[in-house]
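When the chains are written out, they are named A, B, C and D in that same order, and each has its own residue count from 1.
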C-alpha cells in the first residue's frame, strides 16, 4: 500500500510483481521464502483469476535487514521460487526516484498538472526532459526549469527523429514515458524498447471513440457521459492495457467546447492516477488487462 | 420539473416539446401566447444548440383556468405559433396515466424493479401487459397480478407473431413499450409504429460493446468501468438516441460474473431513469440526440 | 473473491477473518499452517494499518480435502495460530445459506429489492421472516410467500415486544438482521445479542444529517450531493461501523420530493451492497471502521 | 449556457439574475421587455421553487443591437420590471475580464491549478494579486509572474492587516476573492464587503466534518467516501451557500495520507468548477442555497 512506502520514505523497498499458473501453496512458498531471509513484508496482495487459472501477486518488503543484497535478489528468487512454479516476475528496487520523460504537442493542461505534482513533491520522481514536436509549450518547460527538446517531425524524417529521441532517452536514463496529449503515433521499434513503460492518455472512455476527435464523436452520438482512459501503448492504436478510467455526466446543454473543457479535467486526473500507480510499481499487465494492486 | 407535477397531481397539465430554427423573440412569442390564454406556466426550460442553430423548449402549464379546451390546443398552437416559426412540436395532456407494455425474455431484475415502482405508486403509470418470448417469468407477472402474454417466436413465425403483438398493443391502447432485457430484434414495421416510444436497456456504456455479451467484451478489453445505456429503439441496432447512462468502477478482482451482477444494478437504475423521464414528457429527441428537460 | 465461491457453489468453504498486532512472518505463519493441512486457498487478502499497527486478513479455503473437520478448525487455529499472535478471529463455514430477518415499517422499496434478489437467486440466502411494527407491507410478504410478523410497538410494550421478537429470531435460527427502513430504535439488549450482525440503511451520507428527515435537512442545507449509508447498528445512533456508502449529484431543480425519490434508489443499492458483502463474509469490523475484503 | 458566451467572446453580454415571488406571466413580462428593446437573448433559464413560492431566472443577451446603453440597463429594468414584481436582481456586463484575488497559505495544489487555467486561457479572468499569510508559495507567484503580497498575521495585528488587505483589494479593483486553502478566518467586515463574492474550498463533503482536519475526522469515522465542497463565505464558519461538491470512493486500504492525496485532486476540481460558474455569472444565491443556471 502507498502509505507504507510513504512511512518508509528513507527505507528502500524491494517489490516483486509475479504471475504463474495457480496451484496450492503458492502464497506459503513465497512468504516462507521471504520470511526465511528476514524480510519485513510491508505489503502483500494476491489474486487468482479463475477464468485463466492464473495466480497474480505483488509483494513489497524492506531492503533493510533483508539477508540478500539488492542486486542478488532477482537471481535468488528465480532459482528458489520462479523456476519452480513456472512464474514470470518483475523486481523493482525503490532506492532512487524513477526518471520520467514527458511528451507533449500543443495542449498544456496535462503537462502543467504533471509538473505541479513533481514540483510540489506530491510524487517522488525525476523529470529530466520534456519532448515535443512543437515549440509552443517551451515557455512552460522554462518556467519549471526543465530541459525542453524540440523534435520537428514530418513524414520524411519521422524515423530519424525517433532515433534521436531514443538516443536522448538512453542518455538521460529514462525509466518510462508519459504521453501527455502527444499527437504522434510511435513506431513499433520505440514501443518495443519501452514495453508497458509508455503511458498514454486518450480522451474517451475506451473502447468507445477510438482515434481522432473523440469529443466530437461523443457529441455526435449524443452520449450522456464522457470519459478519459490512460493505458500502456502497444502497437495497436488505443488498444493497449487500460490502467485507469474515469467519467463525467454531461447533458444536452454541453456543447463540444464544454465537452473539451470538462474532458481536460478528466484527462489530468486519469493520467495522474496512472502515473502514480506506475511510480508505486502497483501495475501488473497481463495479456491486455492490468492488475492494479 | 417533476416536483411541480407532483404537487398538482389532481391538476392535469398540458406539455409542449418544441424545436425550430433559432431566432429572436421565440421565448417571448410562446410565453405571450400562453399568457394571453390565461395559462399558469408551471415549468419552462429552453436551450439553443449553437452548432445546429436550433431552438428547443419544453413548457408545461395547468389546464385548469386555461382558455382553450385540451383538444383545441394543438390546432391553435400550430396556427398561432408553430407555423410562424417553422416549428415542430409534440403536445401531451396529463389527464390520465400512460399505458406501458413491458417486454421481457428470461432475466427478472429489470422486470421486478419496474413492477415495484408501479405497485408502490412511485410512478403514475398503468402496466396492462407483460409480453415475453419465454414463459419462465410468468410467475412474476402472476405474483403482481398483471396479464402475461407468451408469444413463442422462431424464424418462421416471427413476423406473424409481431402482428399478433401489435394487435394486442393496439387493443390495450399502449402508449409506449419498455424492453426490459427483451432478447429479440424488433422489425422495422414495429419500430415505425412506435417512434421514440420504445425504450431499451443495453448493458454497456454505448457506443462501446454493441451487440451480444457486452460484459464478456468488457472483461476481455480490461476496462476499469462498466456501464448501462437506455435509449429509444431505432432501426439501427443499439444506435438509437440515448436517454440515460450510468457507470460503475470495477477492478481486476471482478470476474465476468461480478460484472454481470454489478451490471444488473446499473441496468435497473438506468432503465428506471429513462422510463421516469419518458413518463414526465421530459424527453425531446432530435436527430440522434435527446434533450432532457 | 466472490467469483471463487460462485464457481464452487457446491464446495463449502472455511473463511477466517482475523486481526492482531502486526509482526514479521504473519502471512507465512498462516499460509504455512493451512498448507500443512492440505488447504486449497481460494482467496487471501491482507492489510496492515500503519496508524494502529494492526494486521488484518481474510483467508478462504475449500473444506474438501482439508485435513481437519469443519467443527475442529476453530480450536486448532486458536491453539496453533491465534494464541501465538494475540489474534482475534471469526470462522465462518459456508455449508448452508445464511438466515436473514428483514425488519420494515412502511416503506416498501428496500423490501422489494431484497426480496427480488432472494427470489431470483442472485443471493444465496434464506429469509424466514419479515418483521414489522406496521401491517401495511404484509401484502408484499404474502406476494413473496414469506411469513410476516406484526409486532405492534408502543412506549409501554416496547421491551416486551422486543423479547417476543428475540424469541422469534431464536426459534428461526436467524444469523443476521437487516433493517430495511425500520423506524424503531433497538434496545441495547437486542444490539448486544447480534453484534455486527444488524445492518441498517440510513438515508444520508453519514455523518452528515444524522437522525430524522435527512432529505429535508439536505435540502435546507443546499447540498449538491445526496447519499445513503449502510452500517452495523451499535448503541450509538447512526454511528456504527460504515459498510457501504454511495451518492448522487442533485441540482437546485430537485425538490425535497425529488431527493426522496432519487434517494430511494441509492438506499436500495447501498443496502444491497452491504448485505452482499455480509453474506460473503467479506466484512471485518475493527473499532468503528470496517475492512471489506 | 457557457458555449454561447464562448462563441460571442468579442460580443459583450448583459446577464441578469433575478428572483421574486412567483406569479403568472413573469417569463412573458421579462422576455417581452427584452424583445421590445431588440435584445438577442442567448440564454434563458428559470426555475420555480414550490416550497418557497419563489421564481428564479437567469437571462443573458447581447449588448450589440440592444436599444439601451449598458449603463442604462439597471435603472430601466428596475423601473419597468423589478419594481412591478417585487423582484431582486443583479446585473452583470461582460465587457471585461473579472479580476480575481487568490488567497493561499502553505498548500500549492489549488494555486497551481487556478494559475494553470488562467495562463492557458481556459478562463477569461485577471489575477492581479496573490495574497498570503506565509511566504513559502512566493516562488510559484514569481514563476507565473503574478504579484505576491505577504501579510504576516498574528492575533495582535489581525484586524490591522485585514485593513491593509482590503486597501490592496480596493486599489486593484478586485471583483471577487478565492480562498485556495487559505488558513485564516476572515472578519465580519471583510465578508460584508464582498457578499457572495468570496469562494472557499473546504476539504470535506459539508456539512460532514466541519472545521479542522477533516480528512483525519473522515478516517476516524471510517467513511467509504471523501469529498470536497466549495461555497461562498458567510460569517458562519463552513456554513455558507454551497456552490459545488464532489466525492471519491475510498477503501480501508487508504490511510490518512492517501485521503489527503486523493482529496487534493477533489479540491482542485471542485474549486475550479465553482470559480468557473462564478465567472459565467451562473450562480444565484438565495438564503443558504445556490441556484446554478
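The working rule: a contact is a pair of C-beta atoms (placed from the backbone, for glycine too) under 8 Å apart; a residue touches a chain by one contact, two chains touch by 3 or more.
Computed from a predicted model, the values in this text were never measured in an experiment.
Chemist: Would you mind checking which chain's C-alpha centre is most distant from the centre of subunit A?
Modeler: Greatest centre separation from subunit A goes to chain B.
Chemist: More than half overlap in residue numbers between the two sides of the subunit A-subunit D interface, or less? Answer same or different.
Modeler: Here the answer is same, because the shared fraction of interface numbers exceeds one half.
Chemist: If I rank A-B and B-C by number of C-beta contact pairs, which comes first?
Modeler: Of the two interfaces, A-B and B-C, more C-beta pairs touch across A-B.
Chemist: On Cα atoms, by how many degrees is subunit C rotated relative to subunit D, nearest 5?
Modeler: 180
Chemist: Whole-Å distance, subunit A centre to subunit B centre, using C-alpha means?
Modeler: Subunit A and subunit B have C-alpha centres separated by 42 Å.
Chemist: Measuring centre to centre with CA averages, how many angstrom lie between subunit B and subunit C?
Modeler: About 36 Å, centre to centre.
Chemist: Do you know which subunit D residues sit against two or more other chains?
Modeler: Counting only residues that touch two or more other chains, subunit D contributes 1, 3, 47, 50, 253, 255.
Chemist: Touching subunit B in the complex: which residues of subunit A?
Modeler: 47, 49-51, 56, 205-209, 219-225, 227, 241-247, 251-253, 255-256, 288-292
Chemist: Going by the contact rule at the top, pick out the subunit B residues touching subunit C in the complex.
Modeler: 1-3, 6, 108-109, 112-113, 116, 119-120, 122, 143-144, 253-255, 257-258, 261, 264-265, 269, 272
Chemist: Considering only the defined contacts, which subunit A positions touch subunit C in the complex?
Modeler: 1, 3-4, 7, 24-25, 27-28, 31-32, 34-35, 38-48, 50, 249
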